[in-house]
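Every chain is named by a letter (A, B, C, D, E and F) in the order it is written, and numbering of its residues begins at 1.
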Amino acid sequence: MPTYHIEMMEGRTLEQKKQLVEAITRVSVEVLGGSPESVDILITDVKRENWATGGVLWSEKK
Amino acid sequence: MPTYHIEMMEGRTLEQKKQLVEAITRVSVEVLGGSPESVDILITDVKRENWATGGVLWSEKK
Amino acid sequence: MPTYHIEMMEGRTLEQKKQLVEAITRVSVEVLGGSPESVDILITDVKRENWATGGVLWSEKK
Amino acid sequence: MPTYHIEMMEGRTLEQKKQLVEAITRVSVEVLGGSPESVDILITDVKRENWATGGVLWSEKK
Amino acid sequence: MPTYHIEMMEGRTLEQKKQLVEAITRVSVEVLGGSPESVDILITDVKRENWATGGVLWSEKK
Amino acid sequence: MPTYHIEMMEGRTLEQKKQLVEAITRVSVEVLGGSPESVDILITDVKRENWATGGVLWSEKK
């Protein structure tokens, strides 16, 4: 039942997403127990123009 | 003032979204009180490659 | 698989929450299809000092 | 370390986003302290067909 | 209609929250337009044992 | 910069949280690259009366 939301900069490959959800699910079950089927993971691909750190959008950083 | 966020797999029609927000708003007002105008609903259409259950992305499930 | 997050002002009774999740799940299945078991709903009880509208916290509104 | 999520109707310009994250970061540091670099802001551009108020999607409002 | 969610470490005073939501609402209206009444802000006070950076919970950092 | 939000039923120990954020950070860096310091993880402990599956709150399930 644990539900993971992952926000990351856009541009990751499908292969990376596959590996990531497999690994997150594995460690989640190892630490928290429960079945893999109870783990949901939702990924948000964030555009560089929609994420700012230090007051500057990542699309504008040099 | 209740605010609903709905995450669902992409592919639902505009007609389904219209019916869903109408129905959610109705039952929200019935149970919680308040006016329909105080109910906000935000929908997120999630791509199959961005949702995993059991460690497998839905885009990869057979 | 649709996942609902509901943010509402704290103070609702357990009975209201029971009715609300039952009703939301029912209309969700009616409009989107799928089984009731695939519907997850998470409620956040928000304190009045943690919600502002118009620049004023609800705990401070007269 | 404060993290801001901003949901707003799609259509805002890059210039508005730049100004907004600069201003939010500035007031955040003024009120909460900490360094600008510790402030993260994530923007979600919401389509009019994915936001409802009063039970009606904004794409359907006259 | 813009909706802000702010996650910050617990321990901020009511006075800081009042100043923060006033300032966020003001800059939001200046940059995006709309009325102050259309701006909603929700604050989440996060416990130090529920926020990690670099793989370490803030409650465990020396 | 990836940011993880984990919603899980309340009751997990501090030890489990420590192990979980360590492991999530490790696999995140392995798959996505970047430094551990760029990984933020926020945990939400959800009360059983605030999570429903199949239209029934977990506090009410037999």
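In this section, contacts are C-beta pairs under 8 Å (C-beta built on N, C-alpha and C of every residue); 3 or more make two chains touch, one makes a residue touch a chain.
Labels paired with UniProt names: A, B, C, D, E, F = Tautomerase.
Because the structure is predicted, anything quoted here is derived from the model rather than measured.
Think of each touching pair as a link: the shortest run of links from chain B to chain C has 1 of them. Of the pairs listed in B-C, A-C or B-D, the one whose interface repeats that of E-F, with over half of its contact pairs matching by residue number, is B-D. A comparison of the A-C and C-F interfaces places the larger number of contacting C-beta pairs at C-F. Centre-to-centre spacing of chain D and chain F amounts to 25 Å, using the average Cα coordinate of each chain. We define each chain's centre as the mean of its Cα atoms; on that basis chain A and chain E are separated by 22 Å.
In chain C, the positions touching at least two other chains are 1, 3, 7, 24, 40, 42, 51, 53.
Taken as a contact graph, with one node per protein chain and an edge wherever two chains touch, the assembly fits none of the named shapes, being neither a line, a ring, a star nor a complete graph. Two chains count as a pair here when they touch; such pairs are A-B, A-C, A-D, A-F, B-C, B-D, B-E, C-E, C-F, D-E, D-F, E-F.
Per the touch definition, chain F reaches chain E in the complex via residues 14, 17-18, 21-22, 24-26, 35-37, 39-45.
Chain E contributes residues 1-9, 12, 16, 19-20, 23-24, 27-28, 30-32, 51, 53 to its touches with chain D in the complex. Listing the residues of chain B that touch chain A in their complex gives 7, 46, 49-57, 59-60. On chain A, the positions that touch chain C within their shared complex are 1, 3, 40, 42.
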